[in-house]
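Following are the structures in question.
First chain A sits with chain B, and in the next complex the same chain sits with chain C.
Now for the complex of A and B:
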């Protein structure tokens, strides 16, 4: 029994950041990297199944990204994942969520897991489609925004509750293997102590190239993605002003502003 | 006096040989029971982990003897009890030496070598000393009984704060029974000893070698006269004596046999605990060995032998509980109960021949003898308990070791967890960007040197609160101005400074601490400076006491000593005097942790303020509640905060104008507490730097500097 957990190292903005010269992203100097918040929950969900202990369960985390991603993978290992895989090739740079899904699906074919968990979305890009596109490439069933999971390792199906708008829950029975994208709050992720992370440094992270999973540069990258970023920018701020004082004063002020606006 | 051999005490006169043999048999049995008990105890300690306190044994021994001889730890904050204990202790020691002397002559020197010395002048002096010792013992014990029965001291109440009525280990009446059994048996031994002596005198009143010298045992003689007056004759005394003799003898032997099994063992364990006392306990927490898989204490066998010994040394005196700020505000923590729980646990689990299974050794949980996680998280690592414990029990290292285990298991407040992650990510507890660490310098009219780029005399380690908290930034700026105008050549680490890690370590996140400490040490070592100064007592403590364990040996001082020097040498000129009536709150990490009691007080006096002490001051200062990471854990609603408790205390001071602190966290905690204390408007909370600031006229200086 094996669960594959797809994780991402996301970027958060530092104070007073600057946009890169090519205007496609924030300057890397101003980014702080950490594991995507959703992935803490999907890993925890996998760990819960592993620790329920009815059958031997292997939890494998996989991520697509450069060297720096090892730090986040190590955090996953510290939390108890058995193995970690990192896929990278410079040609992957600029891939959209669908192309990443293609890579993850290729990994899944190699690993043959019984379940794949991914976060609903990443906090930096928020496409919410990597998990789903993986399912599509594998031709597996999927359930998105899973807020509750009942699953026994080895079972042919699982029951999930999906979070819908307006506080609705939808209970779905889904055939396995399947891809589930896990929502925040499904569990309480454990704390990875720094000692744990340090000790996890001893566990190897398997580095996988495109060729290892039967892909090539022509399957990934900006050129082979169905969408690409044209520009990233900070919109000019709209003006807002708090009008204070008595009702009469406020009204007078309002009239004055309107007049100014009309150019009276 | 008379040195004749006649003058001595009869030992077994008129005893049948069988009776003497029986007595010896019982004596040997008592000793055997005693030795077995000692063996079991030592086996228990040996089941603990190793500890490196076996160094400088001679020095340790001398210190221990000094402490015991002077009773200096016992008279603190409880003079009468300390003195009464002194009488009991002295009485016991002298009586023990006395009995040992008799044994030495009667059972060893005389039968083997025919040497006798216990007669004549020596005997008389011996008699007198022992009589007085016995009297002291009884007086001391009577006071202790009175104290237990009538003083109703809260610290002697064993009511548990961490357990509910009905919990299996809620009931501590067993301890009370033991206390009384101890007192009564001890005092009975003393009283029967005197009656026995008097009976002997009455019995032998026709022997001049006895009767004529009776005043050398004044208490016995007095009793003898009373007994005679009540009509006791030599014959009746002779007939009564054997009964009394057996009673006294058996009681004494039972007492000896019981030592290793009852609280009496503190005679040995307390002494040993004092001997292995760590002067840096809590100030410098133990490192986790690199090869150790898990951090902290999970099972009772994770404790070191020294910890286990400390558990046994506790005499339940309750001084730690009385001093504990968490306990004072009703948190489910009593340092004494932590010690006693673990002691009960150790006695139960480690006294049998075979060690129980690993699972039965877990000291965390809600079962008998286990320590609740809420209890551990209530501790503010203020060190008040360690500091006052008369027998050198070191609670804080044990509590932190247990927290380390909780941290690894992720059993902590979500908010604390978040803070730790934040510190890991950003290097500060405010979650601010590293770049913003020195933003407070932007408003200064001068540039501060970058110690990473150029050599400075003084490197200022600012710390998180002083760097990021807006209220504290004002103080930080004032201190920068002060140093600048005093002409101190100083610099900062700017964004390379990370949280010093003092509180992270006390939370129990040792891995994160190692990361922060080694990073800071690396940064500091790359700079060229003579010494470090900080306004933050927390950073001060860890850099001073703990960084050396990680290879970072630096000269560091708290700003109070530096400023005092600057004022005294005239580098800082006070242009006016303040006439405030102030009180001073000793920050735990400056005062109790590092004995920095005097410098801030002297500065306050140099400023011209009238200093009125609060009841709890200096080593007995009352924690603001922020220590041990509690500043990152919300205090439970509905119970008083330690800081509010402290405000009440300050409010008692007539005409108080300023509550002076010298710690950024104190400023935050107490300004907050003042708002709800009901004293707002009566007095204010100020950092000492702000008072100094009032006395310096910067502009004038600057002008004169320019024109000069």
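Now for the complex of A and C:
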């Protein structure tokens, strides 16, 4: 039994930042990298299955990205993942979520997992489509925004609860293998133990090229993506007013504004 | 690796580690060539320099060293960083003033910086014309009465004057004389702020007694210099916020408080219930109050006698029973009853209570609620044997309770140095029960914040010992 967990190293913005000269992204000097928050929950869900079952479960994490991504993969290994794979080629730069899904599907074909977990979305790009596009390329069933999972290794189906608008939950039975995109709060992600961190430092990370998974530069990159970033910018500031005056005056103005909104 | 015997050896280790945060931690104890090497390590990559310029824990000496940077993004971060020392802020202001690209936003950042020197603030108050900068000076706690006075004197009738008056009327350094000026010229909000100011003169208090504004009366009612007659009159004010202020006034006579204990407003009675001078009559009245918050505040009040606490410990509302369990004078007899309460939030209060005896804590450690176990872990009366058991709890909150426990011994704490949660390791760096040799390995922790804290701890030790 094998679970493939797709993870991403995301970029968090510092308080003050500068946009790159080509206006397509933030200057890298202002970015702080970390494992995508949703992926922490995906990995934990896989680890729970690994630790609960009587069947032997292998948890493999995979990420698409340059060398710096190893740091996030090691974090996953430190938390208990068995293996880590990193796919990179300079031609992948600028790929959209659909092209990344193509790469992950190619990895899945090679690894032949029984389940694939991914985060609902990445905190930096928020397309929420990488997991879904992976399922589409594999022609596998998928369930998005999974807030609860009941699955026994080896079963032909799993029951998931999907989080919908307005606090609704939708219970879905899904055939396996499947791709599930995992929602925040489904579990309580663990911290890596110091021992785990030390062990992870010695574990190898498998570096995979496009050729290793039967793809080439013509399958990925900006030119072969269905969407591309035209520009990134900070929009003009909206309507906001600082309430000035003494504390009592600020409180009075605030009450006045609230009453105006309420039509009092 | 052995503990270094001198500051230079520690600096050398930080250099070998090649980590900018460890380098920042020891920068203050480094000199000459070693210091330059540390700066090269910290600042050679722009992203590291930017991160250090912004980080709230970056030591003042590192920020000072960054001060010569020509990179505007770094300068903005230095201006914003509250650790940037006074000298660096002064240099940044001078550089900014001389620059051809004088930026108003940078001047505002300097004007509101807590380490801005009086000379810089005086200069901005006297010569700058940008409203945002002047208003920032009027709010800056580093400004003194002279600077505030200078600001006010620059404007006679200008749109900024009103805003300055309001900020200065609430500034703690405003002198009694300046407050008098503001009271004479200001609107009702300024007047109210002046009356509520700690430096307000008796003359103004006497004058304000004649004012009709609720805002002013509210501030006045809390003043301890009022006569009993005035307090009594204000206690009958139709506005509940004024009566609330009377209820919070420690000099209010007992008969006034007795009357307010049966006030129509819940809010007023809640304030009364927290007072330390309640009469038996008022306590009896408040213990049967229909408002939960009133009973809860009474339950927390340490002057309340046993018989009242015993009654409140049976209250239908868990928050009231919890109040009893948190009462500093709660008896062991009541704590025994409350330790078996059906509500875990009440049991948690018993677990945190300093009067809870060992045996009760031994019973509570079998509880399944995390909040109860966290309380047991925090309680200095908990036996070491139980604390050791709690160091392996799956719940981080419980393990953190042991770290925060003043009675936890070195042997109890040692396993927590390997805790998976980085914050716990970081908290242990400053723990006085642990020896330096226990903490030394934290200098090589996987988390940069733990490494920084550990290197800083050892750097400070060398500063203290003068070696």
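Details
Simple rule for what comes next: the second predicted complex is superposed on the first by the 236 of 264 C-alpha atoms of A that agree within 3 Å, B and C clash if a C-alpha of one lies under 4 Å from a C-alpha of the other, contacts with A are read in each partner's own complex, and residues count from 1 in each chain.
Here is the rule we use: a contact is a pair of C-beta atoms (placed from the backbone, for glycine too) under 8 Å apart; a residue touches a chain by one contact, two chains touch by 3 or more.
For clarity, every value in this text was computed on a predicted model and none was experimentally measured.
Of the two partner chains placed by the overlay, chain B and chain C both lie in contact with A:14. Judged by the touch definition given at the top, the superposed model places A:34 against chain B, while chain C stays out of reach.
In the superposed model, A:248 lies in contact with chain C only, and not with chain B. In the superposition on chain A, contact is made by A:193 with both chain B and chain C. Applying the stated contact rule after C-alpha superposition, one finds that A:211 touches neither chain B nor chain C.
By the touch criterion defined above, A:258 lies against neither chain B nor chain C after alignment on the C-alpha atoms of chain A.
Which of chain B and chain C touches more residues of chain A is settled by the count: it is C.
On chain A, the surface patch touched by chain B in one complex and by chain C in the other comprises residues 14-16, 32, 190-191, 193-197. Taken in their complex, chain B has these residues touching chain A: 288, 293, 295, 407-408, 410, 412, 417, 420-421, 424-426, 432-433, 435-436, 509-512, 514-515.
By the touch rule above, chain A contacts chain C in their complex via residues 14-16, 18, 28-32, 190-197, 244-249, 252. Taken in their complex, chain C has these residues touching chain A: 46-47, 50-51, 54, 73, 76-77, 80, 163, 166, 169-170, 189-190, 192-193, 215, 396, 418, 420-422, 445-446.
On the side of chain A, the complex with chain B involves touching residues 14-16, 32, 34, 190-191, 193-199.
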